[in-house]
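Order of writing sets the chain letters: A, B, C and D. Residues in each chain are counted from 1.
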């Protein structure tokens, strides 16, 4: 690529990963500032479901060329991660559904 | 790299840039939530100094192989960016120095 | 799909997580926040499936089994068992991350891996395995499968120290020789460590522990993201890892504790032993007398606590309230932020019994109302109404804000005995003039009260 | 230094920016926040210089000239001129980004650039150039080099529309042919656009405009970061771009306005024309009478406004306050959040005159004190004490919270005439019974008051 004088090589994936990790962690730190205690349980449960993002890794792990052991690990990983994701979002939704809304006026806006 | 089965190629710099940009923008959005009006001016001035980060680009631009026009552009860029950075941080510091601290008790902690 | 396109779509999913988490933090938007985050997850999964070079049999059956198990559990679970279910789900997430990292190692099949890949595999296996067993011990404690009280034994620190040394040694060996055995060892020791770390913590502190383990499972996912160079895992994991830490901090603050105090103090270990040591005389009452007092009151405040959850008396209290309201008595509920055993425990419980949201008062609102209250009915609450927190500087809970029920005209306390609550300390409220005790299971007392009220 | 190491060190600098910005948001930590951010910047520069393949002559002289110019201006500037200085600095930052992108283009020297590089060069030049001239128009307005009132002319929208079309056309040509002329054209038109966008905005709205331009200069830096694939620029630029937007929003909210109202309404265009149209009779007073009223008061509240800044009367007011305090009169200052022409204007001004921080009351504190106040002295303030904002639904400032000086026993207003303030509307306060006007320059009035006080 002779046309791009100042980007001779690219960052290694680990370094990109570190940058992305640090920035995402800051977003996470700043996001949850003043949550009322009532919402701690649903918030915990909802963020728990998000940590099930590892399901993406589990799916990739079922890829070809893993051998028997690899396939077993991958299968158990997919099952576990899916339990976490599906169960996590559902139970959070149920929990939040129980908090009844106050009367109309506060609904506006 | 036969040892890394699942990282056959790396992300292109633009995509990495986009990811980093979006995450950093979220950090920026979340950071400034409830700043009292008194601090709006220093905050504006401080973040203005940070936008002078372009000085890094200006420094790189003075690199070899730029020709006359390139060198002129780079020189003006370095001067401008440095004015922004040095002036910006100094004036913010002066401004904040004028806000006198309240009496001792609130100083603790 | 090119790796670049995929990464950009993962970014969209990550943005959904961010927006979802943000909305989960405010009552009005929480439910939609959860839906948005779930949408992001669905999107991440679909993006991964497109053009995926996977074994569809394994994948399909795995997804189906997982969805059925997780879904059923989520739909079936009782309101009061939700914290332990979240713990269990979290444990599954942790082990999944460890397994993905393990599968990646197996796939390399002896080929030499780069240092950083080995390092992140170790991290992922370690954190994932600790999360797994730690979460299931928390589950067992909350579910009552093992005793909820802190389990301590001599030499605890020694054992934990030895295990840590073992893990570090194995990690060094793994890093140098890439020997599969070392990885298995790390996983096995980490599983043990997870158990030993959570066993000595009291059951009532489990919500905090679960929040912390949740943060760890995020970290494990992020580590796995490094192993397989996947930005979705790194971003999602980092988000949860960081926000989980803040949440843990918020939760300990609401309980007026510190994290290290929760993790290492064996707080609550005394709860069964110290019992009603001090004391004095108490005045008791009967459901019949109570019914009369309530029927002729104009403002009644109900203060529910952990005992209400134990007795599953949320519907019973709602029925009594309805009877009283029919008589023109005003009823409100005073909810202490840490009443019960999980944050929002009382709100969720009473919401299940259809108590209107606007009758639930928070700490300040309740304390404003109490001086104008005729009868306050303390139902299975103890620590949250303990005046020592306000008056006795030597008390272990000194400084915790309480519901100042002693400002009301009459205080009725319904509990089974004089046993202390979670903090394991005596409660001067019970021996105070003007307080009357009704020793009974909360549900039975309310049922009796209900029939007595119909006779007044 | 490898590109990876450099990126990680840039990340450390970025973390310093994040921590710095966070601390800038709270009074106690603001100054250290600025220092931390500056440290991050120094680090980024040093990291860039290590092993740099640069022309040290150009670089060294550029850095020296820039540092001397920027430093001198920052140290010399008067307190009241700080907003325009910030605007000027911001303009320099914007043009620097545009120039770096331009230099990058020149360096390619006809070699074909990838589409995304061309695209980001265009963005960078466009945003950077708009920021440059926009900022300098803001500077000129605040500095009084050009009239502060909104400058409007017929066909304004047409002209702006044509320029936008011109930029888009040039951008398409640049994208297709990579023709240098097209880039120059984009830069030139963007410079004009920056002027035309800011010219129609009233001088008093400049703080908001500067905050917005600051956000833009962040965006320009980020775009340049894409051009040269530099993560420091991308992160730093995105941080400022996003936080600048939020700050702009906060500032418009504090003024009870919307952003589009600020940008497009020509608000304040009427300020010189409408004058004291309505009205009625006013009661005037003299410095001597005022001195007596103040000397025998027990609580005095001073409400400073823009006129105090214009008259540079901060030291004079402090001296009068000292005289009063010597007599046992309690003096406090009521600071409206948008008094003056920049946020925190009054605080900075009074702090310069060494008024103790704890005598500065905010809106709520002042309004609580006013009913117990004997004399309130309104010094060059107008809109912030205008009761129409509270009483008259038809008023353009209706809904803005005000300092309710009419709750005090006596109101004295010091200003030069009955001219309106920033919002360009009449003030019923002046015609109210109980209000006395002292028509004079604020500084002269205070000096006269000071000597009169010594004679009381």
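What we mean here is this: a residue touches a chain if its C-beta (ideal position, glycine included) is under 8 Å from a C-beta of that chain, and two chains touch if they have at least 3 such contacts.
Quick caveat, the model's predicted, so the values are computed rather than measured.
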item	value
From subunit A, the most remote chain by mean C-alpha position	D
Between the pairs B-D and B-C, the one where more C-beta pairs touch	B-D
Inter-chain centre distance, subunit B versus subunit D - centres from mean C-alpha coordinates, in Å	19
Separation of mean Cα positions, subunit B and subunit A [Å, integer]	29
Length of the line joining the C-alpha centres of subunit A and subunit D, rounded to whole Å	40
In subunit C, residues with contacts to at least two other chains	14, 18, 104, 107, 228-229, 231, 235
Subunit B residues counted as touching two or more neighbouring chains	5-7, 10-14, 19-20, 22-24, 26-27, 31, 33, 60, 63, 65
Chains grouped in pairs wherever the two touch, ordered by label	A-B, A-C, A-D, B-C, B-D
Subunit C - residues contacting subunit B, complex	3-4, 7-8, 11, 14-15, 18, 104, 107-108, 111-114, 117, 228-229, 231, 235
Interface residues, subunit C side, partner subunit A - complex	10, 14, 17-18, 20-22, 24-28, 30-31, 33-35, 37-38, 41, 44-45, 48-49, 52-55, 58-59, 61-63, 65-67, 69-71, 73-75, 77, 79, 82-83, 85-86, 89-90, 92-93, 95-97, 99-100, 102-104, 106-107, 109, 116, 207, 210-211, 214, 217-218, 220-222, 224-247, 250-251, 254, 337-338, 342-345, 347-348, 351-352, 354, 356-358
Interface residues, subunit B side, partner subunit A - complex	5-7, 10-13, 16, 19-20, 23-24, 26-27, 30-31, 33, 60, 63, 65
Subunit D partner contacts - residues on subunit B that touch it in the complex	13-14, 17, 20-22, 24-29, 31-67, 69-71, 73-103, 106
Complex contact set, residues of subunit B against subunit C	1-12, 14-15, 18-19, 22-23, 26
